[in-house]
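The structures come next, written out as structure tokens.
Okay, so chain A shows up in both of these, paired with chain B first and chain C after.
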Partner chain A sequence: MTMAKAKDMTGSSTVAKINLGQLARDNGTFLALIALIVINMVITPNFLQVQTLYVNLTQVATIAIVAIGMTLVIASGGIDLSVGAVMALSGALAPFVFLSEFGMASPGLALVLSIAVALLAGLLCGMFNGWLINQFAIQPIVATLVLFISARGLAQVLTNGNLQVFDNPAFEFIGSGRVLGIPFQALMAVVFALILSWVVRRTAYGRYLLAVGGNAKAARLSGISVNRVRLATYAICGVLAGFAGMVVSAINSASDANQTGQLMELDAIAAAVVGGANLMGGKAPIIGALIGAAIIQLVKYTLLANGVHDAVALIAKAVIIILAVYFQFNRAE
Partner chain B sequence: MVETPVLKMTAIRKSFGDVPALTDAALTIRPGEVHALIGQNGAGKSTMIKILNGAYRKDAGEIELDGKPVRFSSPHEAQLGGISTIFQEVNLVHYRSVTENIVLGQEPKKFGMIDWPKAHRRAEEVLQRFGLNLDVRQPLHHCNIAVQQLIAIARAVSFDARLVIMDEPTSSLDSQEKQVLFRVIRDLSAQGVAVLYVSHHLEELFEVCDRVTVMRNGSMIATHEMSDVTKLGLVSEMIGRDANQIAESGATGFGKTHAGSKTVVLELQSLSNGTNVKDASLIVHLGEIVGLAGLLGAGRTETVSMIFGADQPAGGNMAFKERRSFFREPADAINAGIGYCTEDRKAEGIIPGLSIRENLTLAMIPRMAKRGVIPRVAEREMVADFIDKLSVKCAGMDQPIRELSGGNQQKVLLARWMATQPDLLILDEPTRGIDVGAKREIQTLIEGLSAAGLSVLMISSEFEELVEGANRVVVLQEGKTIATLTGDDLNEDNLLAAVAGEAAGAAV
Partner chain C sequence: MFGMFNRSRDLRTEGVWIAVVLVVIFATLRYDNFMGLYNVQTFFGYNSMFILIALGMALVIMTGGIDLSVGSVVALSSVVAAYTSPYGIEVALPAGLLTGIAAGAINAFLITKMRIVPFIATLAMMLGARGMALVLADNKSVSVDWTSNFTKFGLTRAFGLIPWAVILAALVFLALWIMLERTTLGRRILTIGGNPEAAKLMGVPVNQTLAITYIISGGCAGLAGVILASGFGAGQPLEGLGWELSAIASVVVGGTLLTGGVGSIPATLAGAVLLGLIFNILNFENGLGVISLSAYWQSVIRGGFLLIVVILQSRSGGGLVRRRSTT
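Now for the complex of A and B:
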């Protein structure tokens, strides 16, 4: 009788332990972010300064915006290597429009048009990726390699490979403006994340996306057009990359086809994976991508602010990705 | 004197999670004999092979090779121990030379480098044992499939195999190539190498095998000398029906309360797909349950997936209601009023990571969504309604579907199609892998739907399900409709005879 009772009690305490572990695992990313912030408060000089927050928010926004799109693509069971190159193209196209003769003549219209053209370029690039994957049944990693190479090339041709410096305060607002004291692009990252996480949860497209990524065969047999879902997903990812490209140009007051978005595809994939995206598809943790981007940014910043070499920062990033994947496998069990 | 068998497996047990795959499997193979292993889908043949070659670990039981107990933990170990497996899909390295494929993993070495002249010689020797003279330096993919298969066998034998396992070796061979393979098998046997031959083409067994073991539901049913059995006898053992004994009625949840009318809902004429479906024809009337029977490989699943637009036919005609053409995509078929519950729930049915709710309403989303947004309340009400109506056992509608039992998953998938209110519901083995209780519930449910005017086309390998459930049963053999049984003709004897292809009396 007492033995049974004792056994029962140990049993229930194990249950409690598992739940605690589960909690840590489910919210691991968030806890890691908190831990990073606490560590920084202790070791990094001047960490709790408003200036530090601004620097980080400004830098994290582009990664976050691209990572949101990447999360959708990964949810569909794919991957998009072209985002960095698309950023370079869109980032070069916008100034190209408002620096033209027409742009000089009617600056107001040109501003709107330049943004529209940059976003449209992102959209078309994304649709091209989706079309390539659908039409020829190519693996996404190969299909998006096409634009990974050629979109940047196109941007370089457009700008003759030169830095295009401009002075356009209205456009620069995208990269250095503030709304209620918050950097505009950080605000946009949050807006995009909120909209798309609503889309994933509540719309037909969101449901289709998770179904296609979770089991494409079953999705097709349930009447879902797998091709259309893919096309839309890569298109959204392209538009977001296009926006991020403009942000980079606006921050620098110059477009740089050679440097804009370099290695962004890797940062974005890393942020998505750290945020809980599963490379097998079927999961779209958009808010997770925001947190993942913040973690990557913060690690970079921590090392930099403490005088650690850039190359070491890259290694640290690799460790984070390995940890994220490790925890993901544990979660899967 | 009793000869020591080359292989003796006794009381083998294996479960995957809670699902038992083998309960009491046994197999004894004599040296140099060609031994057939047959059984329906899910009987445990492939699990048996995988345990034998070390790909799976057995839960219990004994395996003896040449009288000595063995335990292989990988296919490679099994190969070194004398058991080689040749899988359905030839798994060789296509872009490498014939020699490399044969010596792979046991290359002759000289000073740490591969001794190519010796390797080529060895490859040639091995192939000559099978009367094959070809350039061993050419890349493998230059050879046709039959030759590739022979190379796979040659490779297996070059490991000094005592036993070669062949899993559906003739599936990609034409009749002439088959004869070459059979000759090789006889040669092997003459050289003292035993062959375990797994196939669902019963005629082949009579041509090449010495003995046969029949499996059903994870157990060994019987082992016979090939000369002692008939095709009909084998089929009845595979299916678990004695040809002379009719099962008592009431073994299923079906009761034939539905009648069916004269209005034709679906008509299929001479459907073919260019491969295994050659001449499939059938008619489904309004409110009728039509069974589709046949052995494994008869082309049943291929036929219904063409009806549903999931695969495109090579020939034939179809009429569904007023429409007189095939569907290009499943989405078109769904819009026209067809639902399709696939046989393989895991690969083609459920979206494992999504909840019961999301899985249940998947086919309904296009009709339910308003301007692309899913109405939350309406969705939850609909799901709650179905969970209640079908008594799905779950922790709640937001529980991931992968956590449910097979029977409850199947109920959710049935609900997915019921929600779309189709005119025709296609069910492929609707009660396979489901426990007895849920099975009855699902059968009763199907009966009820049909009584309410739904037409059902049901593939089943269970005779009692067909005889008690269906108004008519269409029998496919080798991709051809060979009989339609109805009324008094629809009994287990006739069905058994028709499925085995001895349907002289029963054909209509």
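Now for the complex of A and C:
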């Protein structure tokens, strides 16, 4: 049975006794997002402007992209602390390629190559995480701590800690381009989310992922290659982080190994959790991660647009995370 | 002396001491002033903050939990200590400590009463405490009162020899060591980490014990914040970024299982010292002028070092850092 069908069934069983409280609990995250939008319409000046939408879409995309990968990792029962550092590494590597002598000589090839190198770096980092966890049975939080510490260091060593400023309109399209009026990276976030939620629902990998996250031992006994599933999951997360790193560099027309992706692991975990991911594994609400990222972004925007101290936004974020997890837990009871 | 503390005489935790001794011997032979009084004083003075938060973190990890909030709590406590510094260290130190304890108590409430997993609860506290520090400090450093005795705590030495911060850290170290090895509370902490269900059935007050460990961890972070403000002359709302991960690394290097149930306070101290030594040695190495490693190499090397340690531990039969049920 697919997850969609399962959802339909629970939906129809509650129709008999329509219960607003139940409805609110089941769709809490989505309702929270709607509520945030309505509140903003009332209190935030110029909220319903296209410009506001662009600003928010541009800013939310990187969190959303990383949060999607994080959701898969969390679904496998793991965690990936290295995503922010991987962003810094990939974000620094891409300009490195097209700013090199070879890159200046043949810009077209260099552009393709730079994107490939950045994504490959993300892939390798993710596979390294997965390999450590599989091969040495190291806890994910420790295994990914290794790259959390050293991947940003590598990026800083590569760039000597300096900004790499560039002027490459083709590459900058990743961060500032628009397709049909929509920021490219926001579109990519949605595309990634749709593809991966299809993968989770319809492919063997998706079934295996949820099985591994739900009960790794049982999954192994039923013949699933737990190691291969984990490797693939961390690899996907790494590639998505690599992409997000390129987006940040492209937005700024510069790579900044010191700042790119700083604290992103926390935003991504928060978005995934607000979106309904369970740290114990076994649930992969990909679309939820998108909504979670949107909520975190909107709260930040609402407070900033209404002149609230930047730091208060951090406290608000903390409260949202606690409330989201608290209500999810109670629903599960 | 060691006979009293049998549980710390464990092959797994002795490895890190051997590493510390080897590194110290290497560095003493290679660098002239390594064992010099100035370097030793500065090293322990600066690392007392990291040792304190690693010790608190070790207790939390022994219960099978984690405390991601310590870095932010250090920042918050340093701001509070800076604001109370005109009243002297005898007020500012308790104020900073209480700040940390309050943060730890909120963590404990979220975890034991609201049943939120430690990773998420302390992640939220990490954001909340950072936000609170920035709000209180109005986004900038808060300079301390130089006329009171507050900065004397961070900048002078007891008997002209030992930095006060080191004495503070040493007292906490002894208290936690004895607590873990010799008291009921210590046994309960390890029992809960080993098997929470069994602990509950045995009548261990699980929630109460968990709450105490998070409060201790918060208190340690609070003391580290006082040292920070006093030693650097300012409450620093942006300091402490990533310190929680350094603390976790120290605990792991010290051989404490992240799954809980096993761990040692002295080995955690050794883990923190070992990680600190790497920085110290890199500074000396740069000073020799033979090689010139940028500061950025330090994080690469530190990560590589953590990698080697966890791999060695996972291979060495002891099954350290090994997941229990899933493999």
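Methods note: the second predicted complex is superposed on the first by the 314 of 333 C-alpha atoms of A that agree within 3 Å, B and C clash if a C-alpha of one lies under 4 Å from a C-alpha of the other, contacts with A are read in each partner's own complex, and residues count from 1 in each chain.
Convention: a contact is a pair of C-beta atoms (placed from the backbone, for glycine too) under 8 Å apart; a residue touches a chain by one contact, two chains touch by 3 or more.
Everything numeric here is computed off the predicted structure, so don't read it as measured data.
By the touch criterion defined above, A:Pro169 reaches neither chain B nor chain C. Shared-chain residue A:Ala204: touches chain B; no touch with chain C. Legend: residue contacts after superposition of the two complexes on their common chain; A:Ser222 is shown touching chain B, with no touch to chain C.
When the two complexes are overlaid, the chain among chain B and chain C that reaches more residues of chain A is C. Of the two partner chains placed by superposition, only chain C is touched by A:Gly153; chain B is not.
Using the contact criterion defined above for the overlaid structures, shared-chain residue A:Ile79 touches chain C, although it does not reach chain B.
Comparing the two complexes, residues 217 of chain A contact chain B in one case and chain C in the other.
Residues 202-205, 207-208, 210-211, 214-215, 217-225, 282-283 of chain A are the ones that touch chain B when the two sit in their complex. Of all the residues in chain A, the ones that touch chain C in their complex are 77, 79, 81, 132, 136-139, 141-143, 145-154, 156-157, 160-161, 216-217, 226, 266, 269-270, 273, 279-280, 309-319, 321-322, 325-326, 329. Taken together, the chain B residues at the contact with chain A in this complex read 308, 310, 329-331, 334-335, 340, 342, 347-354, 358, 362-363, 365-366, 369, 372-374, 376, 416.
Touching chain A in their complex are the following residues of chain C: 66, 110, 114-117, 119-121, 123-128, 130-135, 139, 237, 245, 248-249, 252, 258-259, 294-304, 306-307, 310-311, 314-315, 321-323, 325-327.
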